[in-house]
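Lettered A, B, C, D and E in written order, each chain numbered from 1.
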C-alpha cells in the first residue's frame, strides 16, 4: 500500500473521470461519483504516505528537473487536497439532486475542475502551474456559465477576462525567471533566485496575477457577480475551492522565493489589502439585498484574513498555520452556505433577503447549516474559524503587531452583523404567503454536513496542524 | 540584434493591449486585446530563446509557447462563445458597469 | 546591460537582416495598434489575421519555426476564422470603440509595463536556458527534433494537461452555446475547390505530423492543418462527422491516448516514462491521436454544438 | 547571396504593407478580404525567400502549411458574409 | 548571377504590379484580378527559381504543391468573394 504512487493517481483519477464523463454522457453521474470515490481514496492514501514517510517528489517520465517536471507533495499539499475532497464529495452528491437529468456537461466540467485543483496543488514546476491555472480558470468559467441566464453569462465572461489576465501576468513572470535562471523547477528557483530588479519584477507579475485570480480587494470586482449568479453547487466550488487554488500558489511562491528576496513592504501591502478586503467585503455583505450576493461578498471579506497572516509569516509557524486554517474553515463554511442558499432558491424561486421570513419552518436543516457555518465565519469556538483567528492573534501578539489583531476583531463584529441578517429573517415565526417547492433531502443534508464539518474543524486542529508540519 | 528588437516589440504589445483591454467595453475588442497580450508574452519568450547557440531557438521556450498558443485558442473559443451568447440573450455586445440585482 | 551588446554581436545576418527585423517590428506594432483601436471591428478582425501572419514571420526571424507554424495555423488562421464567425453572428461590425475609464487598472498596467522594460534592460545576463540538457538527453528521447522531444517526452505531462485544456474548452463551448452553425447551400465552385484541395491537404497534415520527429512540425501543427481542412469541409456543407459517440471519441482520443500510454508506463516505471526502444513509436502513437483530437476540436469549436439545444438549468 | 534573398523578402514585406493600405481603406468588407488574401500569395513567397536567405529548410513546410490554410479564412468569409436572407 | 536568382527577380515586378493594382484600380472586381493574376504569376516564378536550386526531389515536389495550393485557393476565394458582391448588389456598403 505505502509504495503505491498515490501522488499520480490524485491527478489522473479525476482527469480520467472527466474524459469518461464526456465520452459517456448518459452515465455522467455515475462516472462522477465513482471518480470522486477513487480520488478520495488516492488523496487519503497520499496523505497517509506523507504522514508516515515525509514529503515526496515524483519525477514525471523519470526526467529529473530542470529537464523534466516533478510533482511535489508535503503537508501543505496534503491539507489542500483534503480540503478539496471535503468540499467536492458532498457537492457532487448535492449536484446529483440539484441538476436532475439535464446538465450532463456539469459532471465532466466538475471533474476537470477537481483534476485542475489537484494538479495545481501537486505541481512543482512554474510553467506546469500555468497550465493547471488555465485548466482551473476555464473549467470554473464554463461552470459559471452553465446556469445559462444572462447574468451568469456576463459574470462568467468578466471572470474569464480576469482569469486570463491573471494567468498571462503570471506567465510573463515565469518567462523572465526562466530567461534568467534557466530552470522552471519551483524548488531550484527558490534556491538560486536573487534580489535583482528582473527577479523582483517577475515575482511582482506572478503575485499580481494571483491576487487578481484570488480576488483580493481591490481586484475583487469580478467575484461577487460570478459567485452569486452561478448554480448553487458551482458557487460552492468557486467560493470554497477555486479562489484557494491561486491563493495556495501565491503562498507557495512566497514560501519558496521570499525568504531570499524579502521585501518587508510587499508583505505589508498584502496585509493592508487584506484588511481592506475584510472591511469592504463585510460592509457590502451587510448591505446586500440578496442572499447569494451576501454570501459572495462574505467571500471577498473572508479572503482578506489569510492575507493578514502574510506580514506575520516571517515570525514563525503560527501565522502559516493560521493562514491555512482560514482557507480550510472558509472552504467548508462557505460551501455549506452556498449549498444551503441553493436550497432556499429551489424552495422559493428567489432569494431576496427581505422575503425570507419563516425559513425555519420550511427548511430547518438549511437554517441549521446557515447557523453552524455562520459560527465558523464569525469565528466562535469551537469552529475552524475560531482556531484560525486564535492562531492569527497569537502570531500578532508574539510579534507585537497589534494592528492585525484589531482588524481581525473588527472583521468578527462585521461578520456577526451579516450572519445575523440572515438568521433574524430566517428565524421569524411567520407563515409564508406562497407555497414553497419541495427540496430534495440530500441537498439539505449535504449542506448541513459541510456546516458541521466547518464546526468540527476546530476540534481536529491538532492532527491537521501535525500533517501541515510534514516537510516544513 | 533580433533578440533586442523583438523583446521590445513584445513589451510594446503587452503595454498596448493592456491599455486596450482596460478602456474597451466591446466584448470582441476585449478578446482581441487578450490575444494580442498573449502574443506579446510569447514574443518575449521566443525573443529571449532566439539567442541560444543552437541552430534553432531554445527548444524549451518553443515548446512552452506552443503550449501557450493552444491554451490561448482554447480560451478564445470559450470567450467568443460566451460573447455570442451574451449578445443573443441580452442584445448588448458591451460590458458596462453593473450593479447587484 | 551587458547582454544588449552580446545580443548585438549575435546578429548573424548582417545589415539586411537588421533592416528586415526593424521593418517587421514596425509593422507589428503598427498593426497591433490598428487591431486594438480601429473604429471598424471587422477591420480589426481582418487586421488581426494579418497580424498573426506577421507574428509568424517574426518567429521565423527568431529561428523558431515550430512556433511560427503553430502561430500561423492556430493563432492566425483558426482564431481568425472563429473571430469572423462570432463577429458575423453578433452583427454590428461598425461600432466606434466606446472607452470606459478604469484609471486604477490603467495606472497599474502602465506601472507593470514600465517595470517590465526596466527588468529586461537591467537583467544581469541571460542564461543559456536548457539547451545543454535537452541536447544531452536527446538521444534518449526517441526523437531527433528537440522541440518534439520536449513536448512529447521531457515535458509530456504539460502537453497532456494542454490537451485536456483543449477538450475542456470544447465542453465549455458546448455548455454555453445553443446554436449550431447554419449556412446556405454551398456553390459548385466551393465544393470543387475542397475536393481538389483535400487530398494534398491531408498529405500535408500527415507529413507535418510525421516529420515532427525529425525537424520542425508535429502533432499540433499537423492537427491544425487537418482542422483547417475539416473547417473547409464544414463550410462546404459536409456534416458526416457531426454525430454522436464517434465524434466524442475523436475529440477525446488525444487525452485518452496520453492517459493510456502514461498509465501503462507506470507498470514498469513512472508516469509517462517510455522505454528507449519503444519511445519513438509511443510518441508517434500519442501524436497521431493528439493530432486527430486537435483537428476535430478546432473544427468543432467553430461548428458549435451539433444538433442540440443549450444546457438548461432545472 | 543570403543578403539578396533577405532583401527580396523585405521587398515583398513592403508590398504586403502597401496591400494593408487597401485593407484599411476598404471600403467594403469584401475589399478588405481581397486585400488580406495578399498574405496567402505574397506572404508565402516572402516565407520561401526568407527560408532561402536564412538557410532554413523547415520554412518550406511552413509555406506549405500556410498555402493550405490560406483558403480557410477566405472561404469562411465568403460563406459567413453572404448576403443576409 | 544564377538562373535561379534571375527567375526570382523576374517575379518581383509581378508582386509590385499586383499591389499597385490593388491600390489603384477603381472597383473590387478589377482589383481582385490584379491580385490573383499577378501575384500567382510572381509566386510561380519564385517557386520555379527555387525548384531549380532544390537539392532533393521532395523539396521540389513541396514547392510545386505550394504553388498549386495557393493557385486553387486564391482563384476560388476570389471567385467566391466576387459572388458575395454580385449577390449582395450595393448592400455590402455597410458591411453586413
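In this section, contacts are C-beta pairs under 8 Å (C-beta built on N, C-alpha and C of every residue); 3 or more make two chains touch, one makes a residue touch a chain.
Since the model is a prediction, treat every value here as computed from it, not as a measurement.
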item: Chain hops separating subunit D from subunit B, counting only touching neighbours; value: 2
item: Chain whose Cα centroid lies at the greatest distance from that of subunit D; value: A
item: Far-end chain from subunit B, centres as C-alpha averages; value: E
item: Comparison of D-E and B-C (more C-beta pairs in contact); value: B-C
item: Intercentroid distance (Cα basis), subunit E paired with subunit C, Å; value: 26
item: Whole-Å separation of chain centres (CA-atom averages), subunit A against subunit E; value: 56
item: Whole-Å gap separating subunit B and subunit E, where each centre is the average of the chain's CA atoms; value: 31
item: Centroid distance [mean C-alpha coordinates] between subunit D and subunit C, Å; value: 19
item: Sequence positions of subunit E contacting 2 or more other chains; value: 65, 69, 72-73, 76, 80, 83, 95-96
item: Per-residue overlap in subunit B, given as positions that touch at least 2 other chains; value: 14, 21, 27, 44, 48, 60-61, 64, 67, 71, 74-75, 78, 82-83, 85
item: Interface hub residues of subunit A, defined as touching at least two other chains; value: 127, 131, 134, 138, 141-142, 145, 149, 153, 156, 172, 176, 178-179
item: Chains that touch, pairwise; value: A-B, A-C, B-C, C-D, C-E, D-E
item: Residue ranges of subunit D in contact with subunit C within the complex; value: 2-3, 6-7, 9-10, 13-14, 16-17, 20, 23-24, 26, 29, 32-33, 36, 39, 43, 46-47, 50-51, 53-54, 56-59, 61-62, 64-66, 68-73, 75-82, 85
item: For the subunit A and subunit C complex, residues of the former touching the latter; value: 5, 8, 12, 15-16, 18-19, 22-23, 25, 58-63, 66-69, 98-100, 102-103, 105, 108-109, 112, 115, 119, 125, 127-128, 131-132, 134-135, 138-139, 141-143, 145-149, 153, 156, 169, 172, 176, 178-183, 196-198, 200-202, 204-205, 208, 218, 231
item: Sites on subunit C touched by subunit D in the complex; value: 13-14, 16-17, 19-20, 23-24, 27, 31, 34, 38, 40, 42-43, 46-47, 49-50, 53-54, 56-57, 60-61, 63, 65, 68-69, 72-73, 77-78, 80-81, 84-85, 88, 93, 183-184, 186, 190, 193, 197, 200-201, 204-205, 207-208, 211, 215-217, 221, 224-225, 228-229, 231-232, 235-236
item: Residue ranges of subunit C in contact with subunit B within the complex; value: 4, 6-8, 10-11, 17-18, 21-22, 25, 28-29, 32-33, 35-37, 41, 44-45, 48, 51-52, 55, 58-59, 61-67, 70-71, 74-75, 78-79, 82-83, 85-87, 89-92, 95, 97-102, 105-106, 109-110, 112-113, 116-117, 120, 126, 128-131, 134-135, 146-147, 149-151, 155, 158-159, 162, 165-166, 168-170, 172-173, 176-179, 216, 220, 294, 298, 301, 304, 310
item: Touching residues on subunit B, where the partner in the complex is subunit A; value: 14, 21, 27, 30, 34, 37-38, 41, 44-45, 48, 60-61, 64, 67-68, 71, 74-75, 78-79, 82-83, 85-86, 89-90, 95, 98, 100-101
